[in-house]
Amino acid sequence: MSTEQHFTHFTEDGRPVMVNVTGKDTTKRTAIAETTVKMKATTRESIVQQAIKKGDVLAVAQLAGIMAAKKTSELIPLCHHVPLHHVSLTLTFQSQEEGSDISRLHIECHVETSYQTGVEMEALTACSVAALTVYDMCKAIDRGMEITDTRLVYKAGGKSGVFQAIST
Amino acid sequence: MSTEQHFTHFTEDGRPVMVNVTGKDTTKRTAIAETTVKMKATTRESIVQQAIKKGDVLAVAQLAGIMAAKKTSELIPLCHHVPLHHVSLTLTFQSQEEGSDISRLHIECHVETSYQTGVEMEALTACSVAALTVYDMCKAIDRGMEITDTRLVYKAGGKSGVFQAIST
Amino acid sequence: MSTEQHFTHFTEDGRPVMVNVTGKDTTKRTAIAETTVKMKATTRESIVQQAIKKGDVLAVAQLAGIMAAKKTSELIPLCHHVPLHHVSLTLTFQSQEEGSDISRLHIECHVETSYQTGVEMEALTACSVAALTVYDMCKAIDRGMEITDTRLVYKAGGKSGVFQAIST
Amino acid sequence: MSTEQHFTHFTEDGRPVMVNVTGKDTTKRTAIAETTVKMKATTRESIVQQAIKKGDVLAVAQLAGIMAAKKTSELIPLCHHVPLHHVSLTLTFQSQEEGSDISRLHIECHVETSYQTGVEMEALTACSVAALTVYDMCKAIDRGMEITDTRLVYKAGGKSGVFQAIST
Amino acid sequence: MSTEQHFTHFTEDGRPVMVNVTGKDTTKRTAIAETTVKMKATTRESIVQQAIKKGDVLAVAQLAGIMAAKKTSELIPLCHHVPLHHVSLTLTFQSQEEGSDISRLHIECHVETSYQTGVEMEALTACSVAALTVYDMCKAIDRGMEITDTRLVYKAGGKSGVFQAIST
Amino acid sequence: MSTEQHFTHFTEDGRPVMVNVTGKDTTKRTAIAETTVKMKATTRESIVQQAIKKGDVLAVAQLAGIMAAKKTSELIPLCHHVPLHHVSLTLTFQSQEEGSDISRLHIECHVETSYQTGVEMEALTACSVAALTVYDMCKAIDRGMEITDTRLVYKAGGKSGVFQAIST
């Protein structure tokens, strides 16, 4: 372990704290996170069919994600409450390999604010809750769905600067 | 799409609803879910070192998961509020391949109750929030962590009976 | 004032309390409430047009109503937390008089459970929050909208028996 | 429909979003909303009598309204969390026509802040929850009460300027 | 330390859990807790004077306590969510020694339910939040107030039977 | 009663309000609060023993306190929502008199922000909920524990300036 590494959420003597952001600059903060829900191809078809009939799984999940972003500081113990300026989510089925019986729903969340700490956790929480909502609404027909590759894609603002995930 | 497939969370005319559980039996319900946090091997070392010094990332994450299980119905729009009888989480580092620079933290949550609907979402939500909390506490040293393979492992109770995930 | 009239939410000496339901029977409880959002006819057209383009004001309001039903006991100080078995909302534009520039969106909520106290407040709260959500989403184009005639339509279950509003 | 009309809560392709307020000015924002609870004249008498005996329906409703204003962003899906500088509610019985058996309780809420978006929804939500609380506390003696004419009375601040409802 | 002593909130290997109440009997559960707010005698006078003018510190505190009882499981990490049947609080100034410049406000909370676990934490939480609310409302005139002797007075129901505090 | 004394949380005519902070300066605000949990000496030994085995009562209580600080405005009716910059809690057993069978756990909370109103209530709420969590986790072995001397130790910032409790 590099001796430079340290956790910001612990005091010198090892007690968890909510980091002091008093000295930090208020700057524009952006974060983009993503996740993927793996499901049966037939589940995808059901979701698409249902949306045509008006009951839209993805619309419910999207709203759940936006509302969860606002609840992040209640869920993550040492997270600051950050007033959010903007939250948007997109849910898109990835193009599918011919004959595959697995479909992938890609969820991406974009959060923006102007504050003394970043909004990575808000973006990741929104993605996770949107994915869990898809699971909830489809579990009666596909209990084996998996949520994978939940990760930060991009962040900007603050002292640590820009982070860009290596695309895979 | 099989014509038998249908979503329980939509009405005949496609409107989302909270499923009517009035006619369902109150039976013992169990659910086990899991997820994995992929991180740098050096991040694992930092977590382990920090725990020795008293600041325990895994203890914070575990508590966050238990508390999130109780908030599931606030996060997942069409989920019933289920009074939970038992919630426990375990967080364990998987044995690591020699020389690998990737470590895997396995999170498993076990939820139990006696009610008219199951607790799969509570177990999945607890796992997800515990994983997000690990991300939050370690992000200053490893922003590239990924949360993967969030899934239901087992459920029992209710009309749909036992579900057991195929181990991978 | 009839001397028989009394408030159940106050003690003999006038202190507010959460009514003791220990002695009450657990029976099936149903409540139906309604409300109406009055808006410009052009606002109605915008809502309908937008829904065709996929952004559905009514779908967002419906979900907000369902989620609010679950939060009723957090909002209404002396209300018991009642685990709900079923919540559904319908939002329908009323047929409009020729040439009128006022449209009416009718919102109805149906709640069901089996408990020691009724679910009137849950149905009324769901209607109100759904209506407020319509206001929020349309306020940029019609700040003069009004929410009217929020009332209980029907309730059954419990010692006080069936209530049926006089239709108007 | 005027082609200028558009919903701020949807993206170009019709997806609901939390509007981006990053570019908006932080200015003083004021909103006043109102609602009315229609009840039997005997219910009014009971409320007034009870207040004399110390149990004050209106005091409970007023507090519920203030607390609800703080919860607005949890209830209205696309509403920003706005830190409020001031919330006050007044609840007043309107002067009553001789011999009428209907009484009207007028509720008005005034909210103020300095932020990048307005507080109309906070004022409207406070009024609605105060009215619902009156319903809850009086429902045992008057289940037919109605909540009517919930509307924005006045708002100031922000790019859209001042709005003043036409008095009726 | 007696070898019989053990914590119910930890597993054998020392991990915190939400205790499994599946095997426990559903019985009537009662808990009474109390606390005391010590303040200047002049603060007491101000509270009493203010109540005469209609603004009642004790009424606000009482309501805050009742609402907090319903939130207990959100505040205490390993506490079960228990649906409460009854909550009441009394706030009474203790008779004061002649010439003393210290007044004592006694707060007592009574909670009742029928469930598989007790309601001690609900009663204690309600007392604490009522006392904190008194502090909040009077802090501008008496910042040195103290909250003391918060304790369980009585509990009944469940396997551990009746507990009665030794009066002091 | 000094005629200068007045409650900031009431209007001229005695109605409770959320104080208008619009005119107040945004300055650095600090608050330190404390409380004490009195318990049997054997309970202290159990807590210490359990921590060695990994299950740490004090760690759970500390986290509960931090999370409660963020919930203060939901619990205290007329409290503003204040975005917090920093929260930390310390829990320390006081040195014990020889032969005494009473132990005292001292809890101190430090909160900091930059806002138009102070954070005394946040610090006091965090202390109270941390103490209640200790009670919850130890109640199976010591139901007679008491929470005492909850008070503000220090505050700075804002027009009313510095407050320093008289040490006892």
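In this document, chain identifiers A, B, C, D, E and F correspond to the written order of the chains, with residue numbering beginning at 1 in each.
By our rule, a contact is a pair of C-beta atoms (placed from the backbone, for glycine too) under 8 Å apart; a residue touches a chain by one contact, two chains touch by 3 or more.
The chain lineup, named per UniProt: A, B, C, D, E, F = Cyclic pyranopterin monophosphate synthase.
Bear in mind that the values here come from a model prediction, so they are computed numbers and not experimental data.
Visitor: By residue number, over half of the contact pairs should agree; on that basis which option among C-D, B-F or B-E is the same interface as A-D?
Guide: That would be B-E, since it shares over half of the contact pairs of A-D.
Visitor: Can you check how far apart subunit C and subunit F are, centre to centre, with Cα atoms defining each centre and the answer in Å?
Guide: 38
Visitor: So how far apart, in whole Å, are subunit A and subunit F when each is placed at the average of its C-alpha atoms?
Guide: Distance between chain centres, rounded to whole Å: 33 Å.
Visitor: Using mean CA coordinates as chain centres, what's the subunit A-subunit B distance in Å?
Guide: Each chain reduced to its C-alpha mean, subunit A and subunit B end up 15 Å apart.
Visitor: In subunit D, what residues contact two or more other chains?
Guide: Where subunit D meets two or more other chains at a single residue, that happens at 11, 15-16, 59-60, 63, 67, 71, 74, 77-78, 81, 83.
Visitor: Once the touch criterion is applied, which pairs of chains come out as touching?
Guide: By the stated definition, chains touch in these pairs: A-B, A-C, A-D, A-F, B-C, B-E, B-F, C-D, C-E, D-E, D-F, E-F.
Visitor: Which subunit E residues qualify as touching subunit C in the complex?
Guide: 28, 59, 62-63, 66-67, 69-71, 81, 83-90, 112-114
Visitor: Touching subunit E in the complex: which residues of subunit F?
Guide: 1-2, 5-11, 13-16, 35, 42, 45-46, 49-50, 53-55, 57, 60, 63-64, 67-68, 71, 74-79, 120-121, 124-125, 128-129, 131-133, 135-141, 143-152, 155, 160, 163, 165-166
Visitor: Provide the residue numbers of subunit A that touch subunit C in the complex, in ascending order.
Guide: Contacts found on subunit A: 56, 59-60, 63, 67.
Visitor: Which positions of subunit B touch subunit C when the two form their complex?
Guide: Interface residues on subunit B, with respect to subunit C: 11, 15-22, 73-74, 77-78, 80-83, 116.
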